[in-house]
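Paired with chain B in one complex and with chain C in the other, chain A is shared by the two complexes that follow.
Take a look at the complex of A and B:
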């Protein structure tokens, strides 16, 4: 584990700063890829030889073009990095990008011959696209409120960064049976969906007052959704890498390689059982515990220093002008209610910029919008931006008195829709419009629902309701854990949409949705969602969210109403 | 009325190596962006031959494969599957433009 003082040229007090090792690795990789592209274009390399090389660098071939998936480690961006992403999107793509459910950015119109230049531009701001594809440990995700959340025990990004350094080009884990996704949360209110990852890590404080990890293994969505099992209730923090290494070794040894669809660790855990899995991992861990992977306190501290909270000046917690605007302007009041969250400091708030304006493709942002958010972050949020797995952008440190200015500025970008957590804050994968794996379209379905429920007052009356849409069983749109999940399927060349209810990722309530009934036609999805909402509104008790009502009354009333109209 | 909706009519398609653009093999063995210039195989055997030709001409494209199409009375070719229709026609929604939203 490396720990050096940050390069002052790039220095920001609350970001991990690349050292020479990181920078050399990334720039060397760009040049290697440049040569590989040259050899492919000249015919020296066949597609069969080249494909694993391009995928290792995050370059996929989709329906119409190459797609570059850029890693945004633990969803944290500086304004400088976001401006660079905007610039790359404008220069090498069509001027927009798609923020994903894994806190990455996808550019959908990249040219192979220009991909090395795009990667070189990324490297200028200490970014890359490595390990965003392939059977490796992927970009580690985290709570998008990390470092700012009022309920946070410890900043999870410190541990994400430690895992990033350990897992990047880890030779033993470069050919895993299948891809491997890790998420970390430092709060009891899980915003990182840790129970549906290959490994979920939850920081918590035990009765002795020590902070450690609950290690959850074998969760995941895709064609076989599973909720992860807790292998370790409490793991000392300095043993994290040893325990991860032990878990990955067991998976590498016993994970299936004979069947692509049964190769994820969730299948291994399911087949052998959590007890046996725990036994194997603990045995492996016993062999390496306290060894080279034990994290020295000074290393943890050195990395933690790089995520030290920004020195936020005292700002008033109650501001007359904000209170007045709240009374005067209903849109502002709604925005405060849905898009603004408590901060660990009373004079600050966390602001979510909704990338879901009515009728827009969820998670998409133009270069101009990205630059606009970067400007707002510089002016009002310490130059920091987060990407949420719900495909929004987050300004983590906004002073209460700056909220009106931020609301107006985001409004000029189209990102002040007061819909976070509401029915139009839809998660959707790119679907059949872009994706080579998809069976059906996702974005147009999301747009139809968004347009239908666009009225903000109605959305707020309906309350918290998470719709998640996937264009195929691979579940990039997390449909299994949507309060309303929508899965696109292809039946004899016709797009149909399977609806499930009751999914949830809230900690302690994590649940997979249950299929409601036969799939509905594309042009009936909005009517079906409308019927679901009407059923809820008729049946809800005071304070009940959609999913709470569903849990109380069951599927039948929803089913009866939906199939009466579709 | 469209002739042949059974998928017996086939064209060879691929993505262009340099930029991923959707292309079709024409009668001259060149790759073209225009479906209306694609060489059409009218039965299964002809399709197999067309695919072999496409693979032999695959230096500048990636992974050629056969696409089932229908042919209208006017000779206009149209892919049968939605996936292939989208490959030919592009996105089915309006993508956000780079400068669509001005930051003032």
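Take a look at the complex of A and C:
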């Protein structure tokens, strides 16, 4: 049994830290993979046999090279871990990485023979690439404001960690019909998109004052987008794993395996109906509950303690210098409005570092930029960083007093664009530039929209507007839930883009977008978006967001204007 | 097809019967689940032991009280990536309390062996080169487990609880 001891560090991170058990498993997993790679390179394993083994270690074969997808459980990183990621990107890749919509990091230029070493380097900081791919329970995602948000009932990461352990190398569920994604939110204001996951878990407090889970099953995007159904209104927290095991068992046994595109749990729920699905899961749950999977209070408490909020010193809520800078510098004022969110403590804020500077590929960060963010986190945010599913980085605990310094420091990295939630805060998949599945490019489309709308004052005038771009119907760019969704399609070798309007992922308002009309040519996408925005600006009433106006006036005015110009 | 147990390669004493083949009066016979359902009484009236071969879509729960009357059950992996039999195995072991031989058949490969052992399989038909050696190491390949299953291994969570209590007392 080998153990890797952590370096000592100034901050003790305020989230779950591996112990010797977790470390041993990750180290043994690296050794197992090293042996599998050796057998593949020697020809002992065929590519067909090797594929599921490399996939469950995060290694994909892309258009040009292997891609390593590194798990960032619940999107939470310490500065030490982020520095290591920067280091690995420099050593085993081309000095940059891509943060994904599932809060992971992708390195696009990995060599197969070096992959075990990259994984061993990750293990040094208690990280791995398990369950970032393959037909398994994938890395669990959470609200990126967890533990800092003002509206939080309970930190969802406690439950993500419990699910992480249970799902790691699960002996029964490692060869599911298809991949399986779980997301958890602890706030009424859902920032984890729980209704579009295979299982979404929403913590809420019932009339008796108890906190439990609403269990939402069978949501998802991809080829057949669906909004999940609530199988259970209220699940006692200590039976979470029993209920998950019951759901996964029903899926493993009855989910379709005859057609790759009909294999997700959403299709099973759709085909048998929510009622029948609930019956099956509840019957299985009745047999499992109260057994070995029931979580002892002590176990929950021990994990919860590791997520205890940091002991933040009292800092002033109103700071003269901040107010003064706000009046002096318009960019700072805009940044405060879009990139800074309330914290549960009055003297602190949550800062979002925008990985979407004008014209840049969404979600990309160089090793130098990652190290820069790690330094800022050490100086101003308790050494902690989050990855958001919107492909930005988050500093969860910044004192109001430190906001000017953080703004300047992020600005030096190119990450202080005041555009979070705005039209240039675009989600895009890697698309045809990297991905073997894509039909069309996504990143260049995002870049041209980003350049066109670069003026910040205009972006703020347009207000909250989410554009999401996917390069194929697998919908990694979540185009179905974009206020404006853009889907790349291939028509006889020509890249065209289908536009949809009205998608949303906010809790209670989750909706799938509706296709506007015929797909438009690549060089007309910007004009089309411009026409959509102009329609909105003309028609909006006070305080109305783009998507609200669309809901009120319907598609026709948007359609008329777009197809007059493209 | 070579048959392995963790201790090594073993002879297969079982005779696999096609559904239309006559049932011998004695000896160890393995029949399909469909045949078992049809001819259960006659099969139990024989002198020799009986085994049942399941397809991975068969409802193993239907066996219920018969689990103690059977000495072999085989669960099938048409492809190694089709994981339905893992659920069947856990149901047979953990819910129905089946104690006899539980054999994996079909596309049985060494990298799946650690999972199969944890789900209760104890016999494996495999023609993969090196399968026997890998199987012998499979149980200890990972010294930490997170999920409670019938293999009875203490989970990380349980070991942590014990350690905390030992420190506390």
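In the analysis below, the second predicted complex is superposed on the first by the 554 of 566 C-alpha atoms of A that agree within 3 Å, B and C clash if a C-alpha of one lies under 4 Å from a C-alpha of the other, contacts with A are read in each partner's own complex, and residues count from 1 in each chain.
Everything below uses one rule, namely that a residue touches a chain if its C-beta (ideal position, glycine included) is under 8 Å from a C-beta of that chain, and two chains touch if they have at least 3 such contacts.
For clarity, every value in this text was computed on a predicted model and none was experimentally measured.
Look at A:230: by the touch rule set out above, it reaches neither chain B nor chain C. In the superposition on chain A, contact of A:189 is made with neither chain B nor chain C. When the shared chain is aligned, chain C comes close enough to touch A:22, but chain B does not. By the touch criterion defined above, A:299 reaches chain C but does not reach chain B. Contact with chain B, but none with chain C, is seen for A:41 once the two complexes are overlaid on the shared chain. Contact with chain B, but none with chain C, is seen for A:95 once the two complexes are overlaid on the shared chain. By the touch criterion defined above, A:474 lies against neither chain B nor chain C after alignment on the C-alpha atoms of chain A. In the superposition on chain A, A:169 makes contact with chain C only, while chain B stays out of contact range. On the chain C side of its complex with chain A, the touching residues are 80-84, 86-88, 90, 95, 109, 111-112, 114-116, 118-119, 129-130, 141-149, 156-157, 159-161, 164. Touching chain A in their complex are the following residues of chain B: 15, 17-22, 59, 62-63, 80-83, 86-87, 90-93, 95-104. Chain A makes touch with chain B in their complex at residues 40-41, 43, 47, 61-66, 89-90, 94-96, 110-113, 360-361, 364-369, 371-372, 375, 409, 412-414, 432-434, 438, 440-441, 443-444, 447, 490, 493, 495. By the touch criterion stated above, chain A contacts chain C in their complex at residues 1, 19, 21-22, 24-25, 28-29, 32, 36, 44, 49, 52-53, 135, 165-166, 168-176, 249, 252-253, 257, 287, 292-293, 296, 298-299, 302.
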